[in-house]
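Look for chain A in each of the two complexes below; its partner is chain B in the first and chain C in the second.
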Partner chain A sequence: MTFSTSVEMKGREAWITLEGELDAAVAGEFRQAIEEIAPQKPEKLVLFTSKLQFMASAGLRVLVFAKQQMGREVSIYVVGASGPVLNTLLLSGFDQSVYLQESYP
Partner chain B sequence: MTRHSIPANLAALSSIRQLVTQACQEAGLSEAASYRLTLAVDEIATNIITHGYQEHGATGDIAITIERTDHHLTVILEDTGVAYDPREQGMPTADDLDKPLSDREIGGLGVFLALQGVDRFDYQRRNAVNRNTLEVDLP
Partner chain C sequence: MDSRIDFYPTHQHGAYRLRPGRVSPFGTTLVPGGVNFAISSGHATSCTLVLFEKDAPEPLVEIPFPPSFRIGNAWCMIVFDLDCERIEYGYRMEGPWDPGAGHRFDASKILLDPYAKAIGGRTVWGQPPDWNNKFPHRGRLIFDDFDWEDDRPLETPLADLVIYELHTRSFTAHPSAGVKHPGTFAGLIAKIPYFKELGVNCVELMPIFEFDEFENSRPNPVTGETMYNYWGYSTVGFFAPKAGYAATGPFGMEVDELKNLIKELHRNGIEVMLDVVFNHTAEGNERGPTLSFRGIDNQTYYMLTPEGYYYNFSGCGNTLNCNSPVVRNMVLDCLRYWAAEYHIDGFRFDLASILGRAPSGAPLSNPPLLESLAFDPVLAKCKLVAEAWDAGGLYQVGSFPAYGRWAEWNGKYRDDIRRFLKGDDAMVPVMAERIQGSPDLYGWNERGPTASINFITCHDGFTLHDLFAYNDKHNDANGEQNRDGGNDNHSWNCGVEGETDDPQVNALRQRMSKNALAILLMSHGIPMLLMGDELGRTQRGNNNTYSHDNDLNWVDWTLRERNVELFNFTRQMIALRKAHPLLRAGEFFGTNGSPADIIWHGTRAWKADWSDASRALACMLRERQAGQDGNTTPVLYMAINSFWDALSFELPELPKCYHWHLFANTSLPAPDDIHQPGQEIALEEDLQSFLVGGRALVILIGRPRP
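Right, the complex of A and B next:
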């Protein structure tokens, strides 16, 4: 299963859709998407993850990078995460800093 | 028992995951337990590739052995990279896990997730070979 990202700005919101398996081999693509969209100063980063089947810690590190790159005032939403991906986010304490939602808006 | 030799590069991680997931399914593990073991192996393999080989400009292979008994499923990763005991790397504390992302160190979560996903973990180095053993109990 390959990994893909698609990025679009919706007003002041950056929407990124993640699909496939996010491991250390492909995390750079996700990081690059963050780097491309950060200069547009979004107020929210919304990650659609319902088709994300696997996420290793390399994906978590990109979330940390996103927060530090975009600024602490930018809210991050993770939408539609499957059970195992959601469990990884919870185990790692990311629910303290990221809004976990089944759907958006 | 099955044994495969996989090139130690990040592009091979998906092949390693496929081997582990298939073994989990054959052993009758639940989807959740299968995912946890697969994630654990992925994280340890990532460390071997990154810290054991790539950071030192080295190349090599990872030998992956999967053993199943009536009670356990065991995945053994062997490599000839530099000595690297994952347990000696700094892992996040409970306080670290409570920190907002904006204050977090980038790193340390991989080994944490790996150890959370298995019932037993062991690392040994003998005769210049690193041996990481990850084991889960079968239902």
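Right, the complex of A and C next:
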């Protein structure tokens, strides 16, 4: 399944919806989305992942990049992660660096 | 970032843009827009970088290093625009084939980078490999971007450690482990509450550097099961974690999973020590496979006879040439990498005496590698522990070149405690040495009791349960007609060889196990427990289970309920050690640096019986000021009776206002065998002596009553 991202600013919050399979080939698109919104200095980064079917380590790397790019003061929410995506977050320990939620807000 | 002039391509190979690389660090380094590849060989005449797409059978491209990309013996090259997540890499080296001179170059082989930080090829444990794969162990690229938050090595004082030796797969592979990812780093995370409940504060992981479980794999002649290189004491790559130990190994995330385990252990106050195997590699002798070192620079990496054959001080076919300056640097780079990038707290060096041998094999009085490790600034707070012997006959327990830093696995502690417990003659004097941290071994050269890693069992040999259930090894399942494994076990089966329904024999075995655990945790020095000994884990008399991926090695977690008595005893003994600084001395008692004394007794107070026939020893630990000027520090007393019948121990007089309390008595069944520290049972006011059962041990606490 093809990967797609959609980005919108909701006040001081950046919302990014991820769909499809996030592997090394498409991780650049995700990273580009992060880079585009970073200058707007969002206070929260909310990633909607319920339609994300798979995330390879390349995707995880972009999450790490996002955390570093935004700075510690920006909270990152990962919403609706399940199956292999949730597993990847848990096994790599990244669940401790973000807020995992079933729904948002 | 791509516009930086120092990262601008200057050369081209086909579609690949290149630039002369940086010679340091060796291995691969991600740089803006590309990857820096650096490798050295003292005798190769040319070097080619071989790139694969992940898991592809044939190379994607082979890029010879242009002559101008070689500086000295190092080849270095930046390759731009690589897809780091999908690339695997190796090298071809050209050079002489002259085994008599030590050279075994073979350009038909694709070689693993000795500095590879991740290695593909065995990413799913036990999955049979493609034996025709021309490049079975493949270097992979990693990102050093793990989110450690504020974690760093814990730097727990050595004297405070209680080490727990475990095998990553064995600990949670059994179906009873009840974890989501059995046999993995993630599985260990699920067992952190167990470590906390038990009270250990350091896990020592048996080898987790990448190894090949299929090295010398074969069908078991008895059962037909596959026998593996299961324990992993045969390194393929020193910088890469064992991918097959990660649930995420198939996704190339073993680095993250291991780092997450370490971070979680640290968060719970538990240090991580790695068992590292620098004495040999997985390439075996001249009949072994050429995977890496042999094809890169055989003469440099291995100790060779004058005829060019491999010295075998490891017992595993070859011996890494650790005091060659090149190899020494690799070992140092490796340990620095694990300390800095993985936040490892300490290292235990397998067959460490090999690290003190010269390239000729002769023992060195001042081995450069051991000295370098001892004084390295990055490793300055890391624990360094030597298995102070090798398979070539060098035995250095008590004399390992320590430089004020190295501790040792105290093999004499193991043997002497075993011999005393089973009732050998003439063991009382030596027991006194072992209990006080082996000053006979470490009381010189500015070493103290923390130089002694005390253990009664470890992965080599019997488990604690089997120590008191078998007189002889039973290694038939290893397929070597019971020839393998040590014969000097100093074990005693308590009257019946193997498992029995006899309640008296089983009660005696339980008591012997408790005696051993109590002595271990009461001794000065650093106690180390073998995984599962607190649960009565058995290997059914096998004392060399190196090849078994089955319940001979796996921890059976149903024992947690069945042997709750032994578990609780161990837990309370650890708690006692934590509660009393007297048990965690950094200095030998009786020396100027120590504020406390250890006083020896026998069945008569103040008069230990040191004779050959003696089977009784008691000791009292106390601060010199205890009971004076408001000092109410407790006094600890332990009476050990290894005689078969009960003996009455006359109790020494306590400071005024102190009274005896019973903490442990191994001749009693649970719940009276042991008490929670601080809630010991008060004994009679005028108690003059204590009857200690046959082959039993008693621990009393002297303190003021509230």
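Keep in mind that, in the parts below, the second predicted complex is superposed on the first by the 105 of 105 C-alpha atoms of A that agree within 3 Å, B and C clash if a C-alpha of one lies under 4 Å from a C-alpha of the other, contacts with A are read in each partner's own complex, and residues count from 1 in each chain.
By our rule, a contact is a pair of C-beta atoms (placed from the backbone, for glycine too) under 8 Å apart; a residue touches a chain by one contact, two chains touch by 3 or more.
These numbers come from a predicted model, not from an experiment.
In the superposition on chain A, A:A24 contacts both chain B and chain C. In the superposition on chain A, contact is made by A:A56 with both chain B and chain C. Residue contacts after overlaying the shared chain place A:K67 against chain B and chain C alike.
In the overlay built on the shared chain, the residue A:T88 is in contact with chain B and with chain C. Of the two partner chains, neither chain B nor chain C is touched by A:M9. Put chain B and chain C next to each other and count what each touches on chain A; the higher total goes to B.
When both complexes are aligned on chain A by C-alpha atoms, chain A residues 23-25, 56-58, 60-61, 64-65, 67-68, 88, 91-94, 96-97 touch chain B in the first and chain C in the second. Chain A meets chain C in the complex at residues 23-25, 27, 56-58, 60-61, 64-65, 67-68, 88, 90-94, 96-97.
Looking at the complex, you find that chain C touches chain A at residues 83-86, 143, 145-147, 149, 181, 186, 246-248, 251-253, 256-257, 259-260, 263-264. Contact residues on chain B toward chain A in their complex (touch as defined above): 10-11, 13-14, 17, 31-32, 35-36, 38-39, 42-43, 46, 49-50, 92, 96-102, 104, 106-107, 109-110, 112-113, 116. Residue ranges on chain A touching chain B, taken from their complex, read 1, 21, 23-25, 54, 56-58, 60-61, 63-65, 67-68, 71-72, 76, 83-84, 87-88, 91-94, 96-98.
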